[in-house]
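See the structures that follow.
Consider the two complexes below, in which chain A is the common component and chain B and chain C are the respective partners.
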Partner chain A sequence: MDIPSLQALAASNTWTSILPELMLGCLALLLLVLEIVLPKRLHSALPGVALLGVLALLAGQLLTACCGITEGESFNGLLYHSQEGQLMRVFFLLAALLTGVLGTVCLARQRVAHTEFYHILLVVTAAMMLLVQSNHFVMLFVTLETVTIGLYILVSYFRNSPFSLEAGLKYLIMGALSSAILLFGIVLLYGVGGNPSLPAHTASAMNFDELRAFLAANPHNFLASVGIVLVLSGVAFKIAAFPFQIWVPDVYQGAPTPVTAFLAVASKAAGFLVLLIVARTFSPYAWLLAPVLTVMAAATLLFGSLAALTQHNVKRLMGLSGVSHAGFLLLGVVAAGTQSMAVGAIYFYLFAYLLASFAVFGVMAQVAGPEDADQEISHYAGLAKDRPFLALVLAIGLGSLAGIPPLAGFMGKLFIFIAAFQAGLYGLLAVAVVAVVISIYYYFGWIRAVFFSNWVSPDGEAAPQPARAPVGLMAGLMLGVLALATIFLGFYQGPLGQWLNNR
Partner chain B sequence: MNLPFDPLLASIVAPLAVAVAIACGLPKRWSIRLAYVGFALPALLALHAWFHYSAQPQVHGYAFLTRYSTGLDGLGIGLTLGLNGISLPLFVLAGLVGLAAGLYAIQSTAERLKIYLMLLLVMQAGLMGVFASVDVFFFYFFHELALIPTFIMIGIWGGRDRSYAAMKVTIYLTLGAMLSLVGLIALYVKSGATSFDLITLREIIAARPLAATLQHNIFALLMFGFGILVSLWPLHTWAPLGYGAAPSSAAMLHAGVLKKFGLYGLIQIALPLLPLGSAHWAHTLAALAAVGNVLIVGFITMAQRDLKQVIGYSSVMHMGYAFLGVACYSVLGAGGVVLLMVAHGLSVALLFLLATSIYHRTHTFELTEMGGLAQKTPVLAAFFVAATFASIGLPGFANFWGELTIFVALWQFSHCLTVIAISGVIISAIYGLRAAARVFFGPPTDAFAAVAAQHPPADLNWREKIPALILLATLLFIGFWPKSLSAPLNDTLNTVYSAVAGK
Partner chain C sequence: MIHAGLNTYVTLSALLFVIGFFGVLLRKNTLVIFMSLELMLVASTLALVAFSRFNGTLDGNVFVFFILTIAAAEVAVGLAIIVALFRMRRTVQVDELNALKH
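What follows is the complex of A and B.
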């Protein structure tokens, strides 16, 4: 091989474009190697290694994001790198970091292996980062499966707890079902796209650009419509949209709290990014897409809010209120069909949701007792007296989730509402307003238990509460930063708001 | 005289900064000293704005106009502060009632006084912001900033039924706020404006008025949204309950100032921008207000036996006059509403203050269990009778001018409603004077005599007198010299209401 062809090879080396994901994978492997190599007494440092590594990667990504990255395809169109992709890399790294910190709190109470938790977490994160940049159904499916299989393990990670095992099994069955539906939709689209008797047929119908061109040429193909609906259904499982949300309460309750947080934030965000990607690909079928997503959004909003009303277990409450949040984001996705501003609104909403959710889950991890699935609202009675810091962070997190100004969550909702108005979705907006008011009720019930002393549990007698351990330095720091960021982002959106709204 | 800094921004930032300083763990003594500054500075700056308003250069009809970017210029949102003739009186009201409520809170014996003061300061910052904002978004934003502390204060420091009251107030007010938010977004999107700035909105809508049906729908959203916030019958039930349970300073600030947000929104935004909508809904609004707020609530007030409930219901009733003035849609009517808002704000704050002072002497709010207090506490009695006279609308107090102007404007709108409204004055005289008589005159009941024998009630001390004096003096000042407010008000109304200025 001569020098010029080597240079050409080096210049076309697309591996550099997925450097963050590669490094994350290496970090995950390094953890396993270190566990074998290091003596047992040093094992307690391994989570620290994982967190430091993620932190370093996060800093690197923020630097690159500020310098701007080159947009374009890599790996023959398997991936498409964009500014948004870069932003979501930051998002998932942040989620992994926060989940890791929560892990240090929760895992300490259980007799389970520690290193593997971080290993799987990092692999899943890397897969999510690739997932949201995928531009090809093969890439999408492979990364999605990597994410899902990793999550199967994580959900049932507390293998001494029957709740955790039950949750793992439920998630496995539901996840497999949704993957099958998704795969069937992909196959249908691939098959119909390759049909030589149709105009604009293509050999590589798995590629999103090719598929969109094919769909644009055949705007009313029956098989393609079926495929689209099936793909949407598969994605709806991941984002827990109605009517594919049945797994949520049990899985959220049974999974270890850090994993619940990861499911609620990162997995949901990944699902929405996938939804945005496929919605863009299916844009020639807007006649089908818009009504399906509209009905789904309305039903998700209402179901999530109403179902959350009656919950006393905070993990189930967070799960069902998360369903209602998925409804708000779906509202944004519907608006994104006509308004490009809605996409920015969705990103902002996701970031606000990340900050607020991890603040709430962080407090939950502190308050939870040895049985992780058993976290009742009544356990929070008098928290404001015992641990004013935790109570304050919880109030800020819940306030942001409820969309109360001046917190970041309000700005997210506001952007979504403005986008929905510009898109003319008045009916959905009315439903969303109702959902906001209902959500105030159930979030407020929780806050009431924390702050107002005369609260008694529904059965009339004070429930026994798990002992409250002091807040560790790292967890305390994380909670403080999250709460401050939630307030700050509500007052001043700065460059992030500027960038998202000028898209 | 020009200050070296922006007085409007300073009046918002000062209380917030003090609140943050207290939150950072200042010792109690210093917290209280700093809180004096945090309450006094906005009041002084408001007085400064009042007496230097006419000397200020007017830009687009606003004095002190400045704009700060918060990173949302892409959406047309920016912190624009300024005062016109409509917002100036309310800005002054917010400053003075804030000072009185703050002073009254400092001398109170509330538990956890530091947090109480902190929340009041946040509320104060929000109140100053509401009336100083020219940007519609920040107008809403500051309202919510002031609303959140209200919920918390009712929930923690409230009296009877505080938990239920806090929940009910939260849900009602969130519903109202959401409806008005949707209305404001609709106004922004449908006008085609690229800015939430009220000046730009006015110009754009003057050039291209909205279609009639659109105006009807948006006005309905704003009318009912703002209406809930101002306790429009039959959506008023939160108000007496909430005020009955709220601690005195929170009730003073909410009933006195924050509640005026909705009316202010109608006068400043809805009426001038949606003339067809307001004409369409005028009769509905007037009928609801006259029959519901004035007559029905008036009779309900007469039946109350609890002093705080009497004041709470009477405040709902007086809002009926304000709604009647809004329904007139004329310069005279709007001017009357603004004057009445200021006057009612001052008088209701004074009544809540005195009611709590009475409670500290009688240990009950039940009117039937008091009597003859005037012999023991003549100064308190004098204050209370004066406040009652003001609230009824006797000449010499600011309320007189507000009610008189509204009745004159209403006569041009509908004779029948004017008769109903004026008969409402008789109702309010009956319950107001009867309450004063029950508390202060006649023979003391046996129960009260027993209490008074154990703890001989002392007269108002100076720490209670000063806040009461501030409020009473302002009421009298405006009562004798209404021109100080009505002159700038008239100028602004004549330009903003140019469509109906001749009428």
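What follows is the complex of A and C.
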């Protein structure tokens, strides 16, 4: 290859188009540098630096999003920038900010290093932002692995707790297994797509557009279908869809509460965006894709709802109810095969899920005792009398997750159901309605403990209730804003809903 | 000299992948599970190089470098977690690591 052709290739490396990710990476490095150069007494300011930086990036992202961006590829087709990518950048920055605030609450109770938590959180967030804009399997795999390896560390972050470490090990084995399956699928697709004896073979079979063109020309290739099934299985592990959800309860319980929230919201959203991207790429294989995703959605909805019924630990409950939320989103993905409106519904659902989940996890972080894995529903007895504010936020968050009418979660489910109805998925819709009814039952079991039970000590004696720490200013502000936003988004979808419906 | 075609390489890598997969599912020692995971990555690498060679495209060869880097990072984090867990629980057997239940 000669110099001019290399120069032509380099011309598409528009570094300004990944400015938010670059700045996030620089902020992460800055934290480590500051920890070395600053004296020890100033180290407590470092989480504040991280949070302020993310807040500034979020504000910048919102300001520039209004001006519109140039849609198109960069870095030789490794990345594809779109309006949806901009929206998801906002989503992941918001998730990182909220996780950071939860981190200030939870890390204060443990004897662990603080700065590295924020460093890894920021790196993972930047990788997620690149992941949802990837347009090439190399980019997709490398960013996905950056996310996953970062999350191994975050899940086992409380390294004095055997629960956290055990959760980290289980997540590591399951995560690495799913990555290996995904990788083998990618390799098969690359091998088939580049086969010179097949029609429409391509030199860069790992590019999504080229691969789709190849698949359209060979609609019934055996090796390609095996590759597609392997890639789908790998992604299904990340979104915790049935039958790849076995890791969820243990990992969610053992991980530190902020990390559980990040896993539940940001990691799941990233997985669904990847699923949307690969489903679009594999669209010529709809004969294979549609039945696999339909069965997966139905099984995920039913398994998540039924398994959550028997849980007493609130972290396990959130994990298994998250599995059924993945089922609702999968319903949207199936509908997106024929209805473009379903894609907008998925985005709206993700935002509603973000607000409600962080409200619930925020309350959990306040109520949790020194042992982070031990959070039972019975610990919430009498919360309404003790801390009415926390109880109210928890009720709004859980109500939104269950899909109670005026709240954002209801609108999210409604949009998905409308899209599924228009796509004619009546059987799946019936399963989803059953799942909603079951979810109202188990979420209200938790709400009942908060409002209608009194504190009973484990031995049955009248032991004094353990004191609940007061809510800090920043955490209180966060919880209030999340609850208000959940109510507001339920009544008024505004420009966001309009924009999504027009996609 | 034995002539090895594309099918030989792909069959071998599929075999390695399946051995690794069942190793992860069936073995009880965490370290052996970890080796099986690496075997699955190596199987992908072998298939990638073979495809790259027989299709005449360079992408696969370059991707291998990324995979090696990722595998190294995964091992570094994974062994650190296993060592920390062993210090606390004095075991690396999967069926004894069951503190997280209800």
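The rule is simple: the second predicted complex is superposed on the first by the 477 of 503 C-alpha atoms of A that agree within 3 Å, B and C clash if a C-alpha of one lies under 4 Å from a C-alpha of the other, contacts with A are read in each partner's own complex, and residues count from 1 in each chain.
We take it that a contact is a pair of C-beta atoms (placed from the backbone, for glycine too) under 8 Å apart; a residue touches a chain by one contact, two chains touch by 3 or more.
Remember, it's a predicted structure, so these values are computed and weren't measured experimentally.
Contacts of A:142 after superposition on the shared chain: chain C is touched, whereas chain B is not.
In the superposition on chain A, A:15 makes contact with neither chain B nor chain C.
Touched residues of chain A, counted separately for chain B and chain C, are more numerous for C.
Applying the stated contact rule after C-alpha superposition, one finds that A:204 touches chain C and leaves chain B untouched. When the two complexes are overlaid on their common chain A, residue A:153 makes contact with chain C while staying clear of chain B. Once chain A of one complex is fitted onto chain A of the other, the partner contacts of A:404 are limited to chain B, with no touch recorded for chain C.
Within the superposed three-chain model, A:287 lies out of touch with both chain B and chain C [touch as defined at top].
Contact with chain B, but none with chain C, is seen for A:491 once the two complexes are overlaid on the shared chain.
By the touch criterion defined above, A:180 lies against chain C but remains apart from chain B after alignment on the C-alpha atoms of chain A.
Looking at chain A, you'll find no residue that touches chain B in one structure and chain C in the other. Taken in their complex, chain C has these residues touching chain A: 10, 17, 20-21, 24, 30, 33-34, 37, 40-41, 43-44, 47-48, 50-51, 55-57, 59-60, 62-63, 66-67, 70, 73-74, 77-78, 81-82, 84-85, 88-89, 97, 99-102.
Listed in rising order, the residues of chain A touching chain B in the complex are 399, 404-406, 410, 414-415, 417-418, 421-422, 429, 433, 436-437, 440-441, 444-445, 448, 451-452, 454-455, 491-498, 501-502.
Listed in rising order, the residues of chain A touching chain C in the complex are 138, 141-142, 145, 149, 152-153, 156, 159, 162-163, 165-170, 172-173, 176-177, 180-181, 183-184, 186-188, 190-191, 194-196, 201, 203-206, 249-250, 253-254, 311-313, 316, 373. By the touch rule above, chain B contacts chain A in their complex via residues 70-75, 137, 140-141, 144-145, 148, 152, 155-156, 162-163, 166-167, 170-171, 174-175, 178-179, 181-182, 185-186, 188-189.
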